[in-house]
Amino acid sequence: MGERRLAGARAGSGSRLIGYAFIAPFVLLFIGFSAFPDVYTLILSFQHYAGYGTATAAGLQNYDALLHYPVFWTELENTLEYWVLHAVILIPVAFVLALVVRSKSVRGKSAWRAIIFLPQVMSIVAVTLAFQVMFASPSGAINHLLGLHVAWLTDFDITKWVVVALLVWQGLGFWFVVFLSGLTSIDPAVEEAAMIDGAGVIRRAISIVVPLMKNVFLFAVVIDAITSMALYTQPTVLAASQGVLDPSVAPLSSLVVVNLQSSSFGQSAAAGWLLFLLTIVVSIAVFGMFRLLGRSGTARRRPVGGRRAGVTW
Amino acid sequence: MAETGDEMGRAQLSRRSVLKYGSIGAAALGLAACSGTAQSGAKGSSGTGGDTLTIWTWAGASILQSAFNAVKATSKDFAGFKTNIQTVAANDYATAEKFSLALSGGTTLPDILQLNYTEMPQFAAAGVLEELSTVYAPYSADLYAGALQVAKYNNSYYAFPESLNPKLFYYRSDLFAEAKIDPTSITTTEDFIAAGTAFHRKFPSQYIMNLNTEPQPYVFGEMISAYAPISFASPSGSYQVTSNPGFEQVFSFLDQIASAKIAYPVDDFTTDWPSAIKNEKICGFLGADWLDEFVPGYATQSQYGKWKAIPWPTLSPMANQQYGSDAGGSVFVVPKGAPNSQAAVEFLKQWRLSPDGSLAAFNATGILPINSTTASTVISSLSTAKKPASTSQADWLELPQHYFGPDYIATKLQAMNRVKVFGYDPSAVKEWSSIVSNWLTKLLSGRASVSAALAGLQQDMQTQVGNPYSNG
Amino acid sequence: MTAADRVGRSASRIWTRGLLARIGCYALLVLVAVIALYPLYLVIANSLKSNSAVALNPSGFPAPPTTSSYSQLVAAGQLRSFVNSLIVATATTVGAVFISALAGYAFTKLRFPGRAIIFAGLIATIMVPIQTAIPGFYVEFARLHWLNTYQVQIVPFLAPVFGLFMVRQYLLSVPDEIIEAARMDGAGEWSIYWRIIVPLLRPVLAALGVLEFLMMWNSFVWPQVMADASNVAPLPVTLPTLTDRTLGIVPLYGEIMAGSVLAIVPLIIVFLRYQRAFVSGVTYGNT
């Protein structure tokens, strides 16, 4: 016992220096290229700066200006819409797909898995450009194929749905894989027990899978939410004309870039920090929602028959 | 949860492949170190012997080169001069951004910077441009009044106009004649709407102009410039969009055009615009002279000789719309602290201000001089010019002086006298490309009334810009 | 009747609608497959048409197929953009994997003062989107003269916090005894790391590598703001700018689709070979 402690102490003092040496590249890079710019941007958000010349102090004016800017609120709304709409469509579809692919009646599972996952591997900008070819009007592929004359990308109420469709298409693989791994990790005995009690496929899946997968599910939702708050590429490449994306379809990130391009570094910085704030708020909301659902889920779980079959969870 | 290396199968990174990729990575970083800076300003010449003037532009580098050579030949003072013309960006405001960047990064500044007039005030106000009042003194009497406006910010001279863009109404004279519409008899906005309605009734798939819901901001700029001197904010910095009636009148007219549906629903510089011109959907333009660079190419030979240009109708009750311009035009400025700033000023003076230099440039490139005294020389030289062997007949005919009829150049030169410029301020880029374009879209798509759009414009400018004359 | 019989009986009861269910399943899968693959088909098919042919017939088969769009793409210098993408993505991936692995190991298995605080500080920033710090970055890189270079596209991404996280999560389930034993045998820390830890880390490093590569291959807003000069810009930035040579405005969709093939197809081929790593990577090592 004493030897072990001695050895540990010896290793401890030697590895202290090694520890710092090992983390040094990471931490130094982090300080120079993550911490420093973050802090500097925060400082910039309290200044007026054109990118050249002198910076003048501005207090909270940049934040004030943004919060009074209708475009800010429109783009905030758009960002939330894109997130919620695509998630609400995507998650059930991916879940059903995972059920289907996993079920006994389907052959060629690995081929289907590869196909469904493929969009995850395809370059985001290239796919968005393909969607542009698909939804251009008058001479886009969809209009051409179906004989329609819909102004997909110029009628902004419709354009938002095209963006959602693109996000759903691109996100399917991610969620599918998350659900599939959750489904395949379930002990078959638990499932059979439920089957004996007459629970249908979907009921079984929801009542067994969801609670067991809660953590992975939560993780996926949070990652998806964080990425969705930072949305920029798809709407911009899809619908900007002459480099300008109309605010009624633009996400919040656009404000950061647009302000930078018109030499308002202070406002660009303030917009960026408000975006970060939004990300935190949304993440907390997601965690909170899971807490709530978790609590009510416990009450609902009992009648499925787990107790009768002797399975507890 | 940890799966072993075996389970991952062939997805393992073997030590060898790590080394292989590692060396690629190292090579990449080495390459990166050598690549250095891309296009941020070449160094100026050593200054001994000749001066190499570095020029930053976004298009037409070869035209600038020809003009440079022609101007250089006009005086032996420029015997040792060379030029390094760089296309640094895809459009004018990206070029302005690159310049901002060079200023903030402390890299070498270009000797000559080409900008659109809208981007000049921000740099002039920041004091980073050479001031040119003494240079202009001997020439001002000879220059078009509009040219002098384009050269100035806040009553001091900072720029050499590269081109002056007067407003012109281009129209299909054959179709107008068939519809029995005489464009010269249109004087009021109502006349114009009536003419547009009649034209569309006669030709159900064709229109006398184009306008959709996302126009370029200059559509608004062309009309409001007729009210010059006018700007968004008063000299003290308070915005006057809701108090100055001119803005309301222009917005109302645009609103009327949209409601009357007399415009083909496609905006300039969108992907469907060229084909709309080719397919004769658009049979007229309330535009500016630069259209003569695009229309012949898009309309092609089939519409040769059918297009004419006249001054805009006055369109009362608005201010006389024969006057004004599209955003002034593009300009050359000389940054303070550029390696060869003095030589650049001298050269630009010869190129744009002196009649000899500007005529030489005109002969080489077709860029019109801004000296009113050269007008007759320009007209006669154009009318006597012969087609060079290297130019095809089709290209020859597509040149503006042939495509739009024999009177076209005279009309265009005449129109230079009517150039008036809107008072752009240092926050012009933000005002026009974000705020104006946003409210223009809302107005034209019916989501905001005229008064709501004006109020929105005023409000957004107040909160987003504050005082345009005193910001950093 | 045994439990197995009972399961069998209820199983067949459930699946009496079996044929219908089976048809339904396959129908759904085929529908999803068509939707998933259609854009890929579109990109490939349209890349084999000339620019004007795409405008006339965007949805059909190229008739006849031509490589004119590809040759025009190359003439427009887009191979350079492809190479730029490759250089940036590869260099960043290799660097990030090395650096994250080293730091991840240290944070998990080595002891040093301040370890917890430093780690917490790093993890706390995981939610900060890259856009938030763009103005600050821009000024920093302007001063360093790094704008429009390769390093501006590579260096900021060499220390990804999620990479640290992934490595740590993985190492938590590796027992300390192995390391202790090696130490008692007198092995140096560096060789412990290289000989014992790195081989163990292969799966998570593969996943991290894939994730990092995909991220860098897809990056758009960063190079657009920091590095859009044609000699360093990657494909996502240059492709949307391919417009009519003389008169501008109109996008040259044939060339754009040809460029998209370049952006998409090589990765698909690699994916088909290394599927596990891709799946694991994209889900942050969670599956």
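The letters A, B and C name the chains in turn, as written, and every chain counts its residues from 1.
The rule we apply is simple: contacts are C-beta pairs under 8 Å (C-beta built on N, C-alpha and C of every residue); 3 or more make two chains touch, one makes a residue touch a chain.
What you see is a predicted model; the values in this text were computed from it and never measured.
**Student:** Could you pull out the chain whose C-alpha mean position is farthest off from that of chain C?
**Tutor:** B
**Student:** Looking at A-B and A-C, which pair shares more C-beta contacts?
**Tutor:** A-C is joined by more C-beta pairs in contact.
**Student:** Quick check: how many Å separate the C-alpha centres of chain A and chain B?
**Tutor:** 41
**Student:** Distance from the CA centroid of chain A to that of chain C, rounded to the nearest Å?
**Tutor:** One centre to the other, that is 15 Å.
**Student:** Can you pull out the residues of chain B that are in contact with at least two other chains?
**Tutor:** 101, 104, 269-271
**Student:** Which residues of chain A are in contact with two or more other chains?
**Tutor:** Expected reply: 51, 136.
**Student:** At least two partner chains per residue is the criterion; list those residues in chain C.
**Tutor:** In chain C, 139, 142, 251 touch at least two other chains.
**Student:** Note which residues of chain A are touching chain C in the complex, please.
**Tutor:** 7-8, 11-12, 14-20, 22-23, 25-27, 29-30, 33-44, 51, 96-97, 100-101, 103, 105-106, 112, 114-127, 129-134, 136, 139-142, 144-145, 169, 172-174, 177-178, 180-181, 192, 195-196, 198, 200-201, 216, 219-220, 223, 226, 229-230, 232-233, 236-237, 253, 256-257, 260, 265-266, 268-269, 272-273, 275-276, 279-280, 283
**Student:** Using the touch rule from the top, collect the residues of chain B that touch chain C in their complex.
**Tutor:** Residues 1-5, 7-13, 21-22, 24-25, 28-29, 31-33, 35-40, 90, 101, 104-107, 269-271, 273-274, 294, 297-298.
**Student:** Residues of chain A touching chain B in their complex?
**Tutor:** 47-56, 61, 64-65, 68-71, 136, 138, 154, 241-244, 246-248, 258-259, 261-264, 267
**Student:** Quick one: which bits of chain B touch chain A in the complex? Just the residue numbers, please.
**Tutor:** 91, 93, 97, 100-101, 103-104, 122, 126, 128, 212-214, 216, 267, 269-272, 429-430, 433-434, 437-438, 441, 456, 460, 463-464, 466, 471-472
**Student:** Name, in rising order, each residue of chain C that touches chain B in their complex.
**Tutor:** These residues of chain C touch chain B: 87-88, 90-91, 93-95, 98, 139, 142-143, 145, 147-151, 154, 169-170, 173-174, 199-200, 202-203, 205-206, 209, 229-232, 241, 244, 246-251, 273-274, 276-277, 280.
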